[in-house]
Amino acid sequence: MGNASGEGVKERLIALFFAANGILTIVILLGIFLFLAIIGLQAFYEISIIEFLGMDWNPDAYGEPAWGILPLLAGTVYIAVLSLIIAIPLGVASAIYIAEIASPPLREILKPAIEMIAAIPSVVLGLIGLIILAPWIANIFNLPNGLNALTASILVAIMALPTIISISEDVIRAVPDSYREASLALGSTRWQTVSGVIVPAASSGIVAASMLGLGRVVGETMVVLMVAGNSRLFPVSIFDPVRPITSTIAIEIKEVVQGDLHFQALFALGLILFLMTFAINLASDIFLTGRQMGR
Amino acid sequence: MIIILALSGCLDKDNAPTPDTLDIKGSDTLVQLVSNMAEAYMLDHPSVEISVTGGGSGTGIASLINNEVDIADSSRPIRSREIESAASRGVEVWEFVIARDGLTIIVNPSNPLDRLTLDEVGAIYRGEITNWKEVGGEDREITLYGRQSTSGTYEFMRERVLKADYSPNMLNMEGNKAIVDGVKNDLSGIGYIGIGYLTDEIKALKLAEDRGSRYVSPLDENLIEDGTYPLTRPLYQYTNGMPEVNTLPYSFLRFELSDEGLEIVRNAGYYPPNPEDKMNNDEKFRLIED
Amino acid sequence: MNEKIKENIYFTIFRFCSFLSLVILLFFLLFVIKLGVGVLDLNFITGMWQTQDITKGGILPAIVGTFYLGLGVAVFSVPVGISCAIYLNEYAKNTGLVRVIRLTIRNLAGVPSIVYGLFGFAVFVQLLQFGTSLLAAALTLAAMTIPWVITASEEALKTVPDGFREGALALGATKWQVIRTNVLPAALPGMITGSIIGLARAMGETAPIIIVGATFYMRGLPDSLFDKFMALPYHVFILATQHNDPLAEEYAAGTALVLVILIFLMTLIAMIVRYNFRKKRKW
């Protein structure tokens, strides 16, 4: 009897141990948020919100420092929009091909090959951008140099592709076979089935995949740091250099003194980045669960 | 299990940094030179470990203030604000000049222009002059290549030449090499770099204080050492507290300023401290040795 | 007939798209190979870094630094990740807490690496006083890797059929005994290979380690967890942007090659092992 309850206690302790590890993830996420918020929000003792929403970011100015995040935000949005314009059509088309059209052996090769893209370190893509792509872009468009939003977006798009492809492919394959059979039985061609039945059925999942891709794009640092040009200018054309939030943090965090206003302002930037990606992930989550419930 | 064993191998050494390690961080202009120094020094002192990290002068000084490093490399003088902020954290900062740098204004080799005055350089970087023809060159928009705000070179240019903020159009590059790479491929480019980074793929401009004075090439060693070249600057090392006699920071500094050290300075493309710098250094050493 | 042609056109476009990204990437990689392969020799892999004359030395300290970092990340992330997956898949019922944990994991996986860097800098470097060190970097990257390990481990656990659990439970085994003797042995290979793919990604990260611990030059190898370290991705970054040697570009490409090969090998081996394991599985 005593032995048995000893077993019971042990069992419960083990269960508790595993649960604690689960809860640890919540602790980490909350920890990230709290540290960013506690340090970042202190910046607003000295920087007004209006100043923070200004048009010039120049903390280390010759005269008065400027804390306007709009050019940085514009840089982030620019890269995000441009790279998604490239990555979404390419990614969704690839996903449809892999899921619906490719023969099974080809699929077995393509899937891991695309997974391998995700394994390429971003610094290597940055290097490729620096030595190959930027000079090409400069040549093709007859620009003095290729360090601009377009070059960075092309490389960032490559980074977002694996996410978009693999999740879209999963949701497309999850469309029940009965849909395909019904459509084909009605005399539709495979293309009509894919475009008229499968893609609409998987659409919310494809949206979710694109949003997760967006999350990756917004958070990408090394590529933009190396090839986006990093100027303080507010970007207008796709050939303008841009300086997204991520590279601003990467550049400036190195020079700041702990507890300094600049230090706090960079954490405020980090907080904005965190909230952006959090919102994006949450939204994609809603799309994904919406799909599951709709079925 | 193997993983844990391998890692415990890392762990069983002393946790705190031993007196035989020296952490140096700061200016990208200096990272190469100081790495060379460290390499040579460690050859003679096998038990010593020196790590050298770049990132920019601001980075190094910030780390010094945060008490994270023993020595900060800087290509600009420390600001009084930074000295105060260090003092408030109990860090006493000592300044040494270990070399001199000629800052070089570079353009693409195909650019016919070969000289500028400092005023012109300033106006170009402030964004007031935007076309090469305004300074006697071809009709071509100028592309500005500069450093990031973490860099001492960025600050030195701003304080010495621009005396105002940089044009927001300037591309903020990661390091000297990135500027060289940019300018060598860009007919319209102008950049500024430490003289040690000068290569054949780019052209160094002759500079003059103003129209009336003599244009001097940064490649002329004597004119840099005697201060005729208008853009020279001291390269600093700041120590975390007084480098007491026979401690590692002390002997490393002594080594850097020895004949062997100065040889390394010349080999890296920089110049030895000038007489004024030397006087300052010697005064510090007198204080330490007393 | 018209429909058939339309179908062919569309399908061809799709096929083209799915190969395009791979081809572009392969093309880029070939460039890196072409540029960097010249510097690859035994000395480059096994030599100590010589910053004065980069042609003399090698990148051993960066390779070892990245390897140590990978080990550190594994130690801190794999046990936690696997335990969390066991909790979610074996113990937890569909309560509010579990839904929150799942949501958290998905969100953690989406947090940008630079934000992990800021977090690591504030917590490990400054608050816990680890300094910019191997330990701080390993903990920072581990936090980033945990969600990947959890996802991979849960996938592995889900493939273990319920029969494995029910049979043992019917024989009177406790839950933990069932997990230890029946579930884990079946799921572990999948968990480990999935984790390795996550680790490979962590080892290629640059942005966080710039903030929390990598250094460009040190003689010798790190011999304490509190040492700074050289790392392959950071080495590529510095050579590509900051080194003044005319050959720096080739050495950056060479270093990048070593990094890519290392990560591809890890990923590929993990994939092959997982594939074979799945094929051999009898259930």
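The first chain written gets the first letter, and so on, giving A, B and C; residue counts start at 1 in each chain.
What we mean here is this: a contact is a pair of C-beta atoms (placed from the backbone, for glycine too) under 8 Å apart; a residue touches a chain by one contact, two chains touch by 3 or more.
What you see is a predicted model; the values in this text were computed from it and never measured.
Per-pair counts of C-beta contacts peak for the chains A-C.
Set against the Cα centre of chain A, the chain with the most distant centre is B.
A separation of 36 Å divides the Cα centre of chain B from that of chain C. Averaged C-alpha coordinates put the centre of chain A at 17 Å from the centre of chain C. Annotation for chain C: residues touching 2 or more other chains are 126, 237, 240-241, 249. The residues of chain A that reach two or more other chains are 130, 225-226, 254, 258, listed in rising order.
Across the assembly, chain B contributes residues 66, 173-174, 178, 181 that each touch 2 or more other chains. Considering their complex, residues 7, 10-11, 14-15, 17-19, 21-26, 28-29, 31-32, 35-36, 39, 89-90, 93-94, 96-98, 101-102, 110, 112-128, 130-133, 158, 161, 165, 189-192, 195, 212, 215-216, 218-222, 225-226, 246, 249-250, 253-254, 258, 266-267, 270, 273-274, 277-278, 280-282, 285 of chain A touch chain C. The part of chain C that touches chain A in the complex is made up of residues 3-4, 6-7, 10-11, 13-15, 17-18, 20-22, 24-25, 28-29, 31-32, 35, 80, 83-84, 86-88, 90-92, 97-98, 100-101, 103-119, 121-123, 126, 143, 146-147, 150, 174-176, 197, 200-201, 204-207, 210-211, 233-234, 236-237, 240-241, 249, 252-253, 256, 259-260, 263-264, 267-268, 271. Residues 3-4, 6-7, 10-11, 13-17, 21, 23, 28, 31-32, 35-36, 38-40, 42, 49-54, 66, 68, 173-178, 180-181, 196-197, 199, 201 of chain B touch chain C in their complex. The touching residues of chain C, when paired with chain B in their complex, are 50-52, 68, 71-72, 74-75, 126, 131-132, 134, 215-220, 222-228, 237-238, 240-244, 246, 248-249.
Against chain B, in their complex, chain A makes its touches with residues 56, 58-63, 130, 135, 138, 144-145, 147, 225-226, 229-234, 241, 243, 251-252, 254-258, 260.
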